[in-house]
Amino acid sequence: MTAWIVRRLAASIAIVLAVVTLTFFLIHLAGGSPCGQSDAQSVAPEVCARLRAQFGLDRPLWEQYGKYLWAVLHGELGQSFWQRRPVIAALQDALPNTLLLAGTALVIDFTLGLALGVYQAARARRFGDIALGNAALFVNSMPTFWLGLVLLLVFAQWLHLVPVGGTHDPVLCSRLDSLQCVADRLWHLALPATTLGVVGAAATARFQRNAMLEVLAQDFVRTARAKGLRERRVLLVHALRNALLPSITLFGLAFPFLLTGAVLVEWVFAWPGMGWLSVMAIGQRDYPVVTATALVASAMVTLGNLLADALYVAADPRIRVRGA
Amino acid sequence: MPTRPPDRLIARLWVAGVLLLAALASCARRGACTGDYCGTVVIAAAGEPDILLPPVTELSPSRDVYDQVFLKLADLGMSGNTLGDEDFQPQLAERWEWAGPVTLVFHLDPRARWQDGRAVTAADVVFTYDAYTDSLVNSPHRSTLRLISAVTARDSLTAVFRFRERYPEMFYDAVYQMRILPAHLLRTIPRDQWRTAPFGRAPVGDGPYRFAAWKAGESLELVADSTFYLGRPHIRRVIFRFVPNLQVVTTQLVAGEADVTEQLGSPDNVKRACGAPQLACYPYKGAAYGYLGFNLTAPGDSTKPHPLFGDRELRRALAMAVDRGAMLRNVFGDFAKVPPGPLSQLTWIWDPETRGLPHDSAQAARLLTRLGWIDSDSDGVRDRAGQKLAFRILVPTTSAIRRQYGRLLQEQFRTFGADVQLDEVDLGLFSERARTGRFDAVLYTWNTDPTPASSIPQTWTQAGLGRSNHGRYVNAAFDRLVDRAVATMNRGEARRLWRSAIELLNQDAPAIFLFAPDAVAVAHRRIANVTVRPDSWLALLRTWRIPGDRLTDRDRAER
Amino acid sequence: MTVGTWLALAGALVLALVVGAEARRAAGPVGRRFFRHPTAAPGLVVLAFFVTLALAAPVIAPYPWYLQLDPVHLANQPPSWRFPLGTDPLSRDVWSRLVFGARFSLGIGSLAMLVAVSVGAAVGAVAGYFRRWPDAVLMRLVDVGLAIPRIFVLLVIVALWDRVSLPVLVLLIGLTGWFGTSRLVRAEVLSLREREFVAAARALGARPGRVIFRHVLPNTTAPIIVSAALGIGSVMLLEAGLSYLGIGVPSPKPSWGNMIAEGQDRLASAPWTSLFPGLAISLVVMALNAVGDALRDALDPHKEVA
């Protein structure tokens, strides 16, 4: 088991390093481009000067790469021109907001999705299943930012039930210093997290429904029913436990979806997380921030996959027995 | 399997949870301010400041903030009269006198203190003048000080200004633009690094408000200085909340998340905000005008003329092609006017009779054809000698008004065979590109000074080159007319000279002047004594108050 | 809308329904499995409708997409007989822009997916056929590719290169989306290469390239087609997101994504400009998902249909 973990960890680190190399390659490619002229496919003149300054293009390539790698590993991700402070400081402010949003959305995604999937499986091929199935299909096909806009329109602008954006009330709660401020944060979090969570839940529900139906067709379920156990117990205790296993893989897939969705949802709700930071930085042609957020996002996805795989191995005794 | 009492346990957990939440919700707030000096005002702003160091920036969001932190020697009165010195209010200078026709002596108020405790001295005034006129700092306001020949300190509380000549607005020039800077804090920073110095993100001044915090993209907080010698500000905290666009500004105001804003832009927003029962609307003379400015020199290389806009006739043709009235009605409804030149409604020389280029699409088309711009390859775009009539308009993403205008102009130009693309960038980058001349055409908005004598030379004459004259328009005849208009002591004669100058500029068409909006400020009704000075709407913020009996929870909260 | 355009619209609807009916009638065993899904037929009809809209846009749309009819009087008009979906803040007909927008959104989706599927199939086939180190190298590449969320790659590229032209953008979207397809194809190829017809081809002395292209790949069409159908949907959502942020299809060209962005400022008072393009995207992606799911079950008889 530990050997497996070590191997996966090493693989994950290798992947992150490869991503760092890719970003270096991209930046270097841009730095070598002709710039100054504002025509198609050319680097913005502001960016050009800074690229050249950052790398000192007269040094040999491997030396530049080494310097870049060293800097990244030490957390020196450059200086943000827009905010006039180190990129790492901007990330430190933004990352917790994204984690909060994505984490809450993940919780909503899985609780709602699992519940819906189980319900659909229980009512398989009847009206409840079909109606919910189509609704889930529709919600899963929506652009997340469009759903966000619609919800914002209805709940914030027409009904004034939730705030129009931001993470907190800047007057009362610039610091998280009272329980009322916790409630304030939750109030601001409600709509963006719901937007992200609901779209993800739709996919989870469909997946979970199929997994449940597969499990419900198996022999041990028939046995449980024959023993006379209540249907609810069969569903929730016996079947669900086994159907949860495939959903753990869904957990790993959720990370890229949440991070991508976060970019757009954060923009719609002016939620100052990593995605919002990225898009603002693009408006300022502040490339160090954008490359840094890409790196962090990749690291998060890789970590998520690692966690999901570890969870799966821990949860499924069949794999362990195989002596991985 | 152990027996589970699931239902009762779950029920108990639910009850406990509900009780806990109820207890949390009823927690009393820590600290409670009472009386006349409480109050928190949240200002919703669509534009964010770039730097808070006065000489370096020309953005009005920056000015709104740094005007609370720094003081001038004296400030304009509510009448807006810029002639002579009778209508000016003492600020850093408690009194002044004329020691000759071109010599002005200021006596500083001995109570004035920098926010780090040091006294404000005349050495600071000298330092400030030096910084504003230093080419390394390259202040956009430098040209406004061109008629001052020297500033010296007679002693620690006396500053002497000497002018090159006598003219009506000498006092105005001496006091209006310069915010006095702390020499002891800025002397050590090399002048060419002022644009990126940390001081610009956390300034220390001598004004009624102290800088507290700035979260980029989110909010900026100022806190009242209770020891301010001209009177303690009644509003204790001022928070600028940065918001993507004016529609969100309006929604936040209506929902009670923000208290105040400078202006609302579209008629929709004005209707929504002024219709809300808790908000009060304060119309004031609009001090802004917007235009499509052409870059007369090549982008990035000011020694060469622009391949398209270096041609005066082409500019004139394009200016005649667009229907400014229709575009205005689309964007503003009835809440703006088409300016007769580079003027806002506040400017005293505003005269609708000023002659300019007419809207004449037929003549524009004829002129374009006569210049050789014809669509030789039938792709819908005119061309001449292999060059297409194609250019890009630089637009800031933060201004919904200008983005709308960009799209309207794009379509209008398309019907004339010009291919126009929009460059939409963030405000900070927009400002930098405009400043360095990296654009073909730019949609710019100016908040004008109360007198044309400082704003027009800064933007449209040779003195403004490299500073606010982004299009690099230079016409010696125009400069001469402006100089004479500024120097003339006779008001009527000055008006005639200004009109001739503006008409001359209109014929050259360095820009198409598009809109001069009416201004409506919005403030929550609980805020009393809201006085808005048209040229700088927050200038009198320190006199606004929230009476003790109208305080809300937000006002009472301690930080 | 003129009589002509109403007729054209009706024609498009009828055509879509006919396509659906004909497909159902002419279906073989695969087709019957396909239509067993209740959402497959409606999905096919919706797709056919929108594709017809895109192809016949100049005929169906009453106005050109760029035309600002009357900025003073016709801006922000609610839906009416003349403007079925209303007008946007620049007095352009939303329905016309929606129809032309179908061209851009569907076109970009299809082209980018084509790129993605081609690259993915090629990589997957090579990795699955040759195994050993080509497989190891390529699959590690796939791992790296899957680690970076797609939108971030595009953000980095836009941040570095000032303006990315539309063809290049389509290419980039395609080049960032082939990883899933390659894994699917690789799995198929791994099992196919053990079959007799492959061994026979190799015994006859065929070169690896020929074996891959003539014998192996044609039998992997099933996962490729399913991948393609589902892939167009995700590409369309990605393009909508990029256009919404302002870094996709440049205005004034209509894409359903940038139409949503342009209606944002008036969302409270004139929501139709943003609502309908979003609805269109949702419908098309939903149809693609339904068709993709049905295809997956139809083309792979080994899977149990729940």
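Note that the chains take the letters A, B and C in the order they are written out, and that residue 1 is the start of every chain.
Keep in mind that, in the parts below, contacts are C-beta pairs under 8 Å (C-beta built on N, C-alpha and C of every residue); 3 or more make two chains touch, one makes a residue touch a chain.
Every value quoted in this text rests on a predicted model; they were computed, and no experiment measured them.
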Quiz item: Which one of the chains is farthest from subunit A, going by Cα centres?
Solution: B
Practice problem: Using the touch rule from the top, point out the two chains with the most contacting C-beta pairs. | Solution: A-C
Quiz prompt | Distance from the mean Cα position of subunit C to that of subunit B, given in whole angstrom | solution = 45
Quiz item: Rounded to the nearest whole Å, what is the centre-to-centre distance of subunit A and subunit B, using the mean of the C-alpha atoms as each centre?
Solution: 39
Exercise. Just give me the whole-number Å value for how far the CA centre of subunit A lies from that of subunit C.
Key: 23
Quiz item: Hey, what residues on subunit B touch two or more of the other chains?
Solution: 251, 397
Practice problem: Would you mind listing the residues of subunit A that make contact with two or more other chains? | Solution: 38, 157, 285
Exercise. Scan subunit C for residues touching two or more other chains and write them down.
Key: 264, 267-268
Practice problem: Flag every residue of subunit B that touches subunit A in the complex, lowest number first. | Solution: 24-25, 27, 29-30, 40, 42, 196, 198, 200-201, 213, 215-219, 221, 237, 239, 241, 243-244, 248, 251-252, 254-255, 257, 299-300, 392, 397, 425-426, 428-429, 432-433, 438, 553-554, 557, 559
Practice problem: Could you please specify the touching residues of subunit B with respect to subunit C in the complex? | Solution: 245-247, 251, 266, 268, 272, 326-327, 329-330, 397, 400, 404, 407-408, 410-411, 414, 421-422, 424
Self-check item: Interface residues, subunit C side, partner subunit B - complex
Solution: 66-68, 71-72, 75, 89-91, 246, 250-252, 264-269
Practice problem: Enumerate the contact residues on subunit A facing subunit C in the complex. | Solution: 11, 14-16, 18-19, 22-23, 26-27, 29-30, 33, 38, 40-44, 47, 51, 124, 130, 134, 137-138, 140-146, 149-150, 152-153, 157-158, 209-210, 213-214, 256, 259-260, 263-264, 267, 278-279, 281-282, 285-287, 290-291, 293-294, 297-298, 301-302, 305
Practice problem: Going by the contact rule at the top, pick out the subunit A residues touching subunit B in the complex. | Solution: 36, 38, 45-46, 82-85, 90, 93, 156-157, 160, 163-166, 169-172, 174-175, 177-180, 182-183, 270, 272, 276-277, 280, 283-285
